[in-house]
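Residue numbering begins at 1 within each chain, and the chains themselves are lettered A, B and C in the order written.
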Amino acid sequence: MHQANLSPPIPDSLPTTPSPLTSPGLRGAPPSADERAQANDVIPVSDATETLVHVDNLRIHFPSRRSPTRIVEGISYSVARGETLGIVGESGSGKTLSSLAILRLLPRPAQIAGGRIVFEGEDLAGKSDEDMRRLRGKRIAMVFQNPGFSLHPLMTIGAQLSEILAVHENLARKDAHARIEELLQLVGISDPGTRIRQYPHELSGGMKQRVCIARALLCNPSLVLADEPTTSLDVTIQAQILELFEELKARFRMSMIFVTHDMGVVARIADRIAVMYAGQICETADAETIFSNPQHPYTRALLGSTPRVDQRSTRASGFRLPTIGGSGPTILHQGDGCRFAARCPEAAPECTRLAPLPLTVRPGHSVQCLKRGSIGGANHA
Amino acid sequence: MSDSRSVNAAVPFAETAVIARHKPKGIWRQGCERFLHSRTGMLGLALVALIVAVAILGPFIAPFDPQDQSAMLDPGAKAPPSWIHPLGTDRMAYDVASRVIYGAPTALIVGLGAMSIAAFLGIVVGGIAGYRGGLADEIIMRATDFFLVIPVFVVILAVVRLLSGMVVNTPLESIPYLNLGTIIVLIGIFGWAPIARMTRAEFLRLKNQEFIEAARCIGATTGDILFRHILPNALPSLIVMVALGIGGAILSEAMIGFLGFGDPKAVSWGQLLFFNYESLKVAPWASLAPGAAIFVTVLGFNLLADGLSDAFNPRSGK
Amino acid sequence: MRLTIYIVRRLLFALLLMSGVSLIIFFLVNAVGDPIELMMAETPGVSAQTIERMKAYYGLDQDALTRYLIWLGKLLHLDFGTSIVYNQPVGSLIATWGWQTFKIQVPAILIALVIAIFVGTTAARRQHSRTDFSVMSGALLGQSLPAFFLGILLILIFSYTFDILPSYGAYSTRGYLWGSVIADGLWHMVLPVAMLTFFNTATLTLLMRSNMVDVLKLDFISAARASGIPERRVVYRHALRVAFIPVLTYLGLLVGLMLGTAPVTESVFTWPGLGYLYVTAIHQLDYPIIMGASMVIATMLIVATTLTDIAYVLIDPRIRLE
């Protein structure tokens, strides 16, 4: 890795250069207060608090003649405008797939087996492939995990980004370049004019991820899906990228679904958190509550096993870090009931027979656990 | 992902024991199993086995002696297939089926002989280049580049012809199958380059892996490292190349024979084509049979190589 | 700058290779014994005097090194000497016959490339489907079918059974097809080109499909789809660009293979190309042709591989910073 090319530190406030797109009358007279306020809208700021996307009982499976492999078993969540939902889970929990399902970009052979996804009031199931394509990148955008691999290696940054603009908005070359430079500046890339002509391998990891974020923001999407965007970066760069996300979130009240396995990351960036295990959502609540009052045994175990600096090992724990017993979820165990039952310290016999349905313990806080009062149901609802 | 020696008392001890009992299978076992499930591989193996069987059982299953021209009178040369001559007779009244059957051992000897030479040379040279590196590597790489670029077939033709011209009227002429032997040696000598390349690549890849470092730490000798650690791990890819090479060698010999440079005393499919090509119109079976034999043999080795390649380098969902 | 250095290095190496090849060819041919003696050994009844005269004519009365240098010098002036059998300058023979080889090999590669790109990509997009399976099986079969056997089959079917295509030579001996040289030439080209294209298509399709399958799984393809780029574009502009690069390098090898086996493929159709010239020359021990033709074939091979190496570096910007 090019350690020498650390991306430039993000300024305290992002530059507010007037955009030629949003403030046409800027030549000549100095900008008035109104115009400057207008010019702030490189990306329009949203104020409504209605539900942006609502996922209802989504099921994903690998189809098969005998019995399909169920990967995601009926998860439900919503994201309001301007809100960031963090989805936490181990590898194999299906969190990435649930985001891809919103875009209808599930990798073969995975398929959506049931449930509804409602975006901006519309049921996405009713949309044709062409409609979905128009949605992607324009209304819903995605930032992928590995920036090194999610940019085309043989195309310049400028070429890749302007192609997206060309597909969605019929922008002339000059305007397209202007917008791209604007956005690159926005995400903290200095000298965007040069970067546009460079190839991805000439950029550092952090810079590449910034480019990917800029790419996602190109057409002012309503919803940004971030799939572990910091996982493959060095720790110091991780911090910078997270800061960038926070800035963007604060400034433009971006609606985001932020997928990660890192509790520390999600604590920082998410307003609400959904905890997933093996294709099921265990608990959903706002960030505060998840950390201060976790209800689901898995959430508790997860928090308990996160090492803390001020933690002292005691004789009682055998001088060991607490872990979650058993081994990680595999898609081979297609049993009924709660998927966490095999590793759950509070598991009861009925936990392996009945799948717990979501129970609202407090407004905005729902748990799926028989031991917390959920009603049991069949898995193949 | 988790520690089976967990603090959490909820984990039954039995589960840990179960995890310990299932030792993962070695790469050979795994590879063999995968190969058995590969349709192309099994088909290739079947075809090769068929050819080998024909080669071994040749004298017992061939209806006639390959040099038997008694059919000249009845039913005559260039006769179509019949019950007595299942594949008809050829231009010189030989029984086609017998000649084709007797061509099998020739083909196999050519393939295996040539590839043994090529493999030996290639592995030794490639191994040195890959393991030693440095100047030896540079020189060897240039040599491989050279051998990969020259038109091997063209050169072999010239050399075979010239050598046979050379032995005319000399005592060497009486050595049986000298021509065939020369062909085998030449194909082998010119075939070392791709194998050397692959060996070098594999050795380079493996030499820097941690398990080699570990072996060195516990005092393994260079010989140990080379033969017990690196070579077995490089073997799968090499075997695939050798399988492909056998098919290629058989094909090369067939082409040499087809052009008329083969060993007149040996029965080879390429030569059968050479003898009978001029009567293609009137006796197509005499050319089709050896041609089909070549095809089936080469196909068998190619499929085998493909199956082996899948078995040892599984690409998920290839 | 690095790029130019690489190209120059590559060209110099190519020159080195060519000189090496010339050395090998010369000494191979001459090391097995006096060429004239050998030739005459198979033709009885030639007087010693004639042999001496021929030797002098062909400059064989000097030692090997001098002969090599003389030959090399002549080569650089494109003087390949005179054919013993045809009694014509080898250079013009090579040019005439070489053109015929060019006539069938270039279309064979181009057609194969186009088909392979399209079929391979389609198969990759429908991986595991029946289309994919049949494409793969067909290609595997096609790869193992020896070109010359296919040629024989084609002749049997189209010339002998249906009599719609010629089986011999580049032009008709009695009257051109429809009275036109071009039509006649094309008509004769059909089967040889088909034979050569078949194997090329099979190999290239397998390669293209395999690369495409790998590339289509890469993240930047998903990212392109997630940005709303239409699928056709994703496949044919984004994916193809990356998947094609290994195919390009393989082209050099393929050309080499075609040229190398030209003696056989051309003999099947008695096609008057460089390969066929070479084979007859070898049978007749016509040394100037043997040396000249093999030198030309080797040079064409070296040129082909050098070009593909350079093209590879030009196309992939990642390699330039080596």
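Following the convention adopted for this analysis, a contact is a pair of C-beta atoms (placed from the backbone, for glycine too) under 8 Å apart; a residue touches a chain by one contact, two chains touch by 3 or more.
Please read all numbers here as calculations on a predicted model, not as lab measurements.
Compared on C-beta pairs in contact, A-C and B-C come out with B-C as the pair having more.
Farthest chain from subunit B, judged by C-alpha centroids: A.
Each chain gets one centre point, the mean of its Cα atoms, and the points for subunit A and subunit C are 54 Å apart. In this assembly, the C-alpha centroid of subunit B lies 24 Å from the C-alpha centroid of subunit C.
Contact with two or more other chains is made by residues 127 of subunit C. Multi-chain contact residues of subunit A (touching two or more other chains): none found.
Residues of subunit B found to touch two or more other chains are absent. On the subunit C side of its complex with subunit B, the touching residues are 13, 17, 20-21, 24-25, 28-29, 32-33, 38-39, 41-42, 127-128, 140-141, 143-146, 148-149, 152-153, 155-156, 160, 210, 213-214, 256, 259-261, 263-264, 267, 278-279, 282-283, 285, 290, 294, 297-298, 301-302, 305.
Of all the residues in subunit B, the ones that touch subunit C in their complex are 40, 145-146, 149-155, 157-159, 161-163, 165-166, 168-169, 247, 251, 254-255, 258-261, 273, 277, 280-281, 284, 287-288, 291-292, 294-295, 298-299, 302-303, 306, 315, 317-318. By the touch rule above, subunit C contacts subunit A in their complex via residues 127, 217-220, 222-231, 238, 241-242, 315-318, 321. Of all residues in subunit A, only 103, 105, 107-108, 133-138, 141-142, 144-146, 149-155, 163-164, 167-168, 199, 201, 212, 215, 218 touch subunit C in the complex they form.
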